[in-house]
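What follows is a group of structures, each given as structure tokens.
Both of the next two complexes hold chain A, though its partner changes from chain B to chain C.
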Partner chain A sequence: MFTRIVGQYVIVLVTTLSINFALPRIAPGDPINYLVGEDTAASLTQAEQDRVLQEFGLDKPIPQQFVDYVTGIFRGDLGTSVLLGSPVWEVVFAALGWSLLLMSAALFLSAILGTVLGVLSAWKRGEQFDIGALATVLFLGSMPPFWVAMLLITLFAANLGWLPSFGAYELGTSPGSLAYLIGIGERMIMPVVALTLVQTANILLTARYSMSMALDQDYIVFARAKGVPERRVFFGHAFRNAVLPVYTNVMMGVGNLVGGALVIETVFAYPGLGSLIVEGVEARDYNLLQGIFLLTTLAVVLTNLIADLTYPFLDPRVRRTA
Partner chain B sequence: MTGSKHRTVGLPGLALATAFALVAAAGTAWGQANNAGESGNQVPPAELLSVTNNQGPTTAEHLKIGIWSKAGNVTTYTVGNSWNDWMLWLVFDKLREPSPYVGGGEEWLATSVTQISDDARTWEIKLRDGVKWHDGTDFTAEDVAFTFEYYREGPANRWTHHASAVPRIEGIEVLDPLTVRLTAEKPMPNFDRITAADLPIIQKAQWENVTEPRSFTDLGIGTGPYRIVDYKADEFYVFEANEDYWRGKPQVDKLTLVMIKDPQTMFTALKTGEIDGAARSLPPELVEEWSKDPDIEIAKAPSLWGSWLDINHSREPFDNRELRRAVSYAVNPEPMLERIMLGWGKSGVHGWPHVDSFWTRPNISAPYDPDKAAGILDAEGYVDANGDGFRENPDGTPLDWSIKVASNQPLFVRAAEMLTTQFEDIGIKTHIETIDPATFGGLWSSREFDLRVADITPHGIADQDMLIILYNGDVRRALKQEPEKDEIVLRWRDTETRQERLEVSYELQDYQNTYPVRVMLWYPDGIFAYRWKSYDDYESSSGYGIFHKYSFLPREVRGDTVDQLASTRQ
Partner chain C sequence: MSKANRPNPYLAPLSTMTGRIQSLGLLILFVFIAAAVFAPLLTQYGPKELVCDPFQRPGGAHWLGCNDVGQDLLTKLLYGARVSLFVGLAVATVSTLVATAIAITAGYRGGWVDQVAMRIVDVVMSLPFLPLVIVLGVYFGASIMTQVLVISFVMWAQPVRELRSQVLSIRSAGFVEASASMGASALAINIRHILPELLPLIVPQFVRVAHNAILVESSLAFLGLGDPVQDSWGSMLFHANARTAFLTGAWTNWVLPPGLAIAIAVVAFAFVGFGFSTGETRRRSKVVNVPKDEGVSPEAAADARLAVRDLVVDYAVPTTSVRAVDHVSLDLRQGEFVGLVGESGSGKTTVAMAVLGLLTPPASVNGGQVWLDRTNLLHASPALLRLLRGRRIALVPQSAMNALNPVTTVMTQIVEALRVHTELNQSEAKERAVQLLRLAEFPDDRQGAYPHELSGGMRQRAVIAIALANDPDVVIADEPTTGLDVLVQAEIMDLLVGLQRRLGISILFVTHNLPLVARVADRLAVMYQGRLVDVGAPATLDRPDRHAHTRALFANIPQLDAPKRWRREIRTDNDSSVDRPILELRKVTKTFRSPGFGRARRNVVTALDGISLRLVGGEVIGLVGGSGSGKTTIARLLTGRIQPDSGSVLYQGQPVDRLRSKDRIGMLQAVHMVFQDPYQSLRRGMRIRDIVAEPLRIAGQHAAHDLGSKVTEALSAAQLPADEEFQQRFPTALSGGQRQRVAFARAIVTNPRVIIADEPTSMLDQSIRMGVLELMETLRRDRGTSFIFITHDIVLARHFCDRLLVLRDGHMVETGEADTVTLRPQHPYTKSLIEAVETEAAPRRLAAG
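Let's turn to the complex of A and B:
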């Protein structure tokens, strides 16, 4: 089974590498407008434009660019970013840390919040708690992420003055100092809350549905008939069976969070991958976008691989099938 | 040291005003002799808009200013537009300053820039002695010569056209350590007003071995009042005052420019005091409310930007200049200024190029006249043959032009909606297409559109050379179809005096306003907000607003062309 799973992921990787290369180039335009300005770009001949693009290897024919891209991956060279003039790996890894910080915090909080509220909603199905939790989370989750972010800024930064409105850390503080760490903590609160709200509704719905299905099973009725305490029915029988789809959903949420981060990081001027993708798209920075897409692909594939490989520990049935 | 400013005039102010008027009268006579080749247009004075009479410090240890466009390592290859070129000018100087957007200007790195041939092809530049680069080495004629060579031969950037195209500089000679002579293939009667006032001088020692300037990540070394000491291109830029600046030590010791792309976040950060100034124009709807904020000062300064309807004349049917004339008559910019900009600016009825530019013919206009528009359309065969209320093409096929707008520009979407209605009034059917900003930006080169609403920087509508470059580039194909316009452009290139060039430029402006390729919609006021308790000695410079190096220099060395805002304080 292990070999089959890894084989599947290799196919996924090869396919996505090709898509990652093609996607930025399908969009109209090229990096020349960003590099020299729109008005100057319009006044250049093709030869002059190629001379500018040559620095980034973008004057070559497309098939040659693809070969350079794929061989570069194996050499650890993803080219130079048009946007920042630095090697793509360097740029991407600098941003990755900040995004991981936001996304892992949001993933953790949304997983806990969504699972607890979803499971409790199912347990108290039809009661006030269920209706209240469902309505609240769905209402918050249906709001556009940028709007949630703006509301948070308006309330907690502009009106109450409790939190700083932008950035990832207090500028001018030394990395590792207490002020630096406090700055990081203060500045991640609003982005994490916004990302968590986006993600929680999904997990809640999955948890509620799985738990409801589990609670309707015969073994629950049988357990109760046997006189098993409700606490044990909840944790030992219903929740344990309901958790697998929730776990899958949480792991799949990494992809959703990357999408949410595009908007949230831009609004909060947070220097993560989300901001970088937005700017990369605006500059048509092919090399940078390829690098970020590659990393994102790897992250999603890796997360799903981890999910696949850890299923057997959560569900004995999967273990037996294997 | 702290200073103060006063809005009220009073008796001492009256005396000062009288003295100022006398000086101005004398200056006018001098100016008439000295300002040949200028139209006489003047930008409106800058003014402070806050309701209270604020008096803040004129020095500061550290200011944080919000910016929204990256500048890389702050070199001429990583700064490429009028959104953030002021960052470049913190580090680099030009031969003359402040810019091609103001009349006159003054010698800066040069002590003289002199035309030495009658045909205006050869100029001699005498350089200031004792100027140092930020690394402590001497600034010399070799650096100036190298700058022109590098821009002429190397990869293109926003400034290279001055050496490579309009016109191409053929001869670059270093006559002595402080003198350079340049000879161009064509006359350049405004070399001192435009090229010398626009081209940043770079250090030969830093750049002579750089073959890939956009991958070069060393900190830019300039001669300017600030040295860049740290940056993360997508986060911040730190500048420290150059204590040995030849013009005088800046009044602000340290500047941190912070990247905040989202406008709401930037203005919230200003409101909360996280930044001291926002280097982007305040949205019109905020002006009234913010003018009452006791912590914020608002200044209106001439930005020389414009918003226009771009007509794609390189494709049918807009290659028909009569049709473009009809489009121009059909557009009514006045209600756009009132409803979209809430009156903060000037209407596009003033025509092209920028109404306040000293290169623009006085009283130029592009009038709104829907009856004339309808008459031209009738004459060209655009009639409503099937009675559905909309005209068809002359061959009877349905007509439905698209108006493209960038999705991140809500004001332009609103303008496009108003344009749709105005075109409908003369029986023209149009529809709006919103597209992502990068695709939209590429339209300038790709020409894949009918009509589009966009903005244009001072470099595009307040710089006489650039007006010609625009005719060289995106309209190259169309020039062949309009020999009359082509002939004007060629004649412009051969003019040998400022006045001749201005007059030919007027012909081009007249042609453009009669058969436009771009219909001006409005010219926005630049409205800038800052926390006056942090620093309160900003100045205005046409085309740059109030955030630029002159605002941080001692008042007495800022120069005569950047004092408009100061005059409102007397």
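Let's turn to the complex of A and C:
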């Protein structure tokens, strides 16, 4: 069981590395453009280009290149960002913290909100609350997250002036000071709300569906026949079972959340990975984008791994039988 | 009713809310697509044309105003629809096509193909798709076509996972097994059965992908990765964001419309998929209607613990209601065992659930009283009912597997039952639970086990222990042994009866299995179409003056020592050695391995061990045994579905696996299967005519006239209507008995020499079982068809078969002439099989057959 799960994620990582390795080599155009940037490449003489290729090991046979590439990654070498002139690793790492802050807050909030509302919706299936909740999430889940963010800014920053809409902290405050922390908190609200709104839809639907399914099971009838109080039937039996798919869904939703966070950050000029991506896209900074892809994959794989390894604590049916 | 049309599997009817929402979604999509297609007619400007002042406010010639360079925003919106919708629909088309092909291949082939495909799907789904799409986007450029390919690349995996699990469930369906046993090729099965069943499930996948793809495209475009030549809605927002238009007054005309357009288009897709993705929205009212009149305590027998009076229950169905229980009155006395017997749809389970107050809508109790001593349960408050349930009146439910909560241990569930009614603390409750489990003869070392770790019999014991936890006076047992192996069923029955006598409990035992309760019940109550038609001691019920349905039930119970119902010219072994056998097994051994790799593969199960069998023309051989005895494996070997590990399977003296293709087709036409469950083995989406014609088509006969006459003849032979109207029906418009006759019509359409019938009557109601056996006998007599009759009911087999093979765990424990084996059994296993189904307490029938 354990080896199977870990094996699965090793394959994912190898795939990611292979995609990263293969892209500059199979994409249309000269690979040198991808390594040093098109503008720089154009300004180099043929001899200089050859030297660059040699430096990056592109004259070696492909398998050797792959081995070098992978060992490089494990030494923390993700190449150099053409745009910023510093190692990709450093640049990405500095931005990662901010993105994680947004994502973990949104993950936590949407999990709570989605589960509570979904369970309530199942309890009141077919009633006004349920229909209202369904209609709301259907619309929220259909809006582009970045557009929700733009509307939030228009309303709360531009028109009402309640919240700041730019950056992650107030410029000029010293890190650790109260003003600095308040500044961070204020600037988190809108991005986190935008992310949560979009993310909640999916979790609510899963919670509602699995709760409705659980309530229709024979063990619910049997629990009632035992004389178990209704509240306990609901939470002790139905919810205990319904929580399993919800948990999986929350954890698997991280991949989706990463995407949402990246786009939303650009609207708020939040200094996380998303803003880096936009700069990277504009400057066609391939190393930077690949580094971000690798790192986000790592983060998603890690959460999936945690989900897989903790799931057996919730569901005895997948525990390994001795 | 008779001309039941199949409901449209794609769209819900307009009369339902789901249907209306779906139509609204389709309407919106239609309008959007029309606007995109006719954009040049709807606006006089070009999308890149500079036609007004930068940031011009809406009004006059420019309804949505202009952007920063002076392009008309409405024009951009209309042309943007082209890009956004095209990408969404193209991605959905590409992804679902790829996904369907992969899912069918992987799901049908199984084995390593499936393993590899699903591994790849898992990997793709583990990748964070937006960063991946961005990386792919920057490398491969931003044309619309590359966008479609790149987004499809991350979108195909999810539908594969969903569709493949659907293919797996379709593949394991009875009608696929039936088709394969008729010799249909994998390709034919995929095209004729799997694809038509899968199609309605592909649509929601398409809708979901389109929904997601439009959002992903908008995100990509917003990040500046859109096609620079053609603006989509996302690109409009990208430009608006770059000019921080949303901080100015321009947000209402520049930011709002494209975002709304995306949201509405996406919502429209969600609407179309509404019926599939959100589950049903049926209102769940919590209270079941109860009769107004409380009534007075009845003058029932003085020792009645439970008295049901004039109980009426209706089920609301759209536009009308169906009476499920019609004025039923019944007493259950102290220490009495009453069997409530009825066929499917007779209302017996509804009575049981009404007594416990556990009916849920759409059922409603529309009259009567249920007295538990001096309390009318129908009028008890929820709090009082809760106190009585489990304490005074308990339930042993239908399927123990589903009745136990899968995520907690058996011990926890008993402790819960004890603690909701008593003041016991945890450790006292545990002590008591241990005693209860021992009482139910539940093995001591499995007390901490979870339900999935237990066998069916053990689960049923656990459920009984829970029901008895608080010494109830009355136990309602609702089909507690259905689905268990015939021997386990007998054990559970003995346990229940023993406990009932020992503890003085009153049991109302609900079942469709008359012989099962007839030998132990003090009284039987027979229900038919919602009414109680007969009540009385078992011995008094099987009489000519009783209700016709009661007589039919008894007439359909085979008796062990009654004269053989189907007498045939008995062949001696000498005779059969003269005939060349049609089918023969010679010392056949078959093992199965668990699927998977490595350690799992080493779990080898021996399904058959050294089995020999010979079947000659016109003969009926019975294969008898409990579940896992290897009966069905023999059937699969004889139809060439699987090959033996050792030994040989011979058709007319030729090894089946070495038949030439022409002989093989001949064999497949000569040997046919009839399966246990006619609800499974006939595909619901096929007309009766096509179902019956399938073996002919597999054999390569396609001439319409020829097919028509053969189908008509087969239906007549199966004693079914053969007219055009009947042939055009779907199986859903037929009763269970009719369906099984259709299965027989399908089996005889090629005029086979052998029919292998795998428990052909066990899913059918008791009162029609003998009719199906009579049909088989008629076919044998008129056409000389041989039968291999597979059953767990050795008494039935004795009446119908000439010779029997008794099987246990893949070994043959006894064989011989049917009467010899059943009347003078040698092996203890044969004896226990007989005891398990024998109806000793039931009266001997006066006249046989």
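Definition applied: the second predicted complex is superposed on the first by the 270 of 322 C-alpha atoms of A that agree within 3 Å, B and C clash if a C-alpha of one lies under 4 Å from a C-alpha of the other, contacts with A are read in each partner's own complex, and residues count from 1 in each chain.
The working rule: contacts are C-beta pairs under 8 Å (C-beta built on N, C-alpha and C of every residue); 3 or more make two chains touch, one makes a residue touch a chain.
If you're wondering where the values come from, they're calculated on a predicted model, not measured in any experiment.
Engineer: Just to be sure I read the superposition right, which of the two partners does A:176 touch: chain B = first, chain C = second, or both, or neither?
Structural biologist: After superposition on chain A, A:176 lies in contact with neither partner.
Engineer: Go through the superposed model and pick first if A:276 touches only chain B, second if only chain C, both, or neither.
Structural biologist: first
Engineer: Considering only touches as defined above, state whether A:266 meets chain B (first), chain C (second), both or neither.
Structural biologist: both
Engineer: Give one of first, second, both or neither to describe whether A:237 is in contact with chain B, with chain C, with both, or with none.
Structural biologist: Once the two structures are laid over each other on A, A:237 reaches chain C alone.
Engineer: Mind working out whether A:218 is in touch with chain B, chain C, both or neither, as first, second, both or neither?
Structural biologist: Only chain C; A:218 stays clear of chain B.
Engineer: According to the stated criteria, A:134 is in contact with first (chain B), second (chain C), both, or neither; which is it?
Structural biologist: Only chain C; A:134 stays clear of chain B.
Engineer: State whether A:292 touches chain B only (first), chain C only (second), both chains, or neither.
Structural biologist: Once the two structures are laid over each other on A, A:292 reaches chain C alone.
Engineer: Pick one for A:301: touches chain B only (first), chain C only (second), both, or neither.
Structural biologist: The second partner, chain C, only.
Engineer: Mind telling me which of the two, chain B or chain C, contacts the most residues of chain A?
Structural biologist: C
Engineer: Kindly classify A:126 by the partners it touches after superposition: chain B alone (first), chain C alone (second), both, or neither?
Structural biologist: Once the two structures are laid over each other on A, A:126 reaches chain C alone.
Engineer: So chain A touches chain B in one structure and chain C in the other; where do those two contact lists coincide?
Structural biologist: Looking at chain A, the two contact sets intersect at 27-28, 34, 150, 153-154, 157-158, 266-267, 278, 281-282, 284.
Engineer: Within the complex, which stretch of chain A touches chain B?
Structural biologist: Checking each residue of chain A against chain B gives 27-30, 32-44, 48-49, 51-52, 54-56, 80, 82-86, 94-95, 150, 153-154, 157-158, 161, 164-168, 171-172, 266-269, 271, 275-276, 278-279, 281-284.
Engineer: Show me the residue ranges of chain A that touch chain C in the complex, using the header's touch definition.
Structural biologist: 8-9, 11-12, 15-16, 19-20, 23-24, 27-28, 34, 125-127, 130-131, 134, 138-139, 141-147, 150-151, 153-154, 157-158, 205, 208-209, 212-213, 215, 217-219, 221-230, 232, 236-237, 240-241, 244, 255-256, 258-260, 262-263, 266-267, 277-278, 280-282, 284, 286, 289-290, 292-293, 296-297, 299-301, 304, 314-317, 321
Engineer: Please give the residue numbers of chain B that touch chain A in the complex, ascending.
Structural biologist: Touching chain A: residues 64, 70, 72-73, 78, 80-81, 155-158, 161, 165, 212-217, 232-236, 256, 258-262, 264-266, 268-269, 271-272, 274, 436-439, 441-442, 444-446, 448, 456-457, 459-460, 466, 469-470, 472-474 of chain B.
Engineer: Okay, in this complex, where on chain C does chain A touch?
Structural biologist: Touching chain A from chain C are residues 119, 122-123, 125-132, 134-136, 138-141, 211, 215-216, 218-219, 222-225, 234, 237, 240-241, 246-247, 251, 255-256, 259, 262-264, 266-267, 270-271, 274, 277-284, 356, 358, 382, 386-391, 394-395, 397-399, 402-409, 416-417, 420-421, 450, 452-453, 463, 466, 469.
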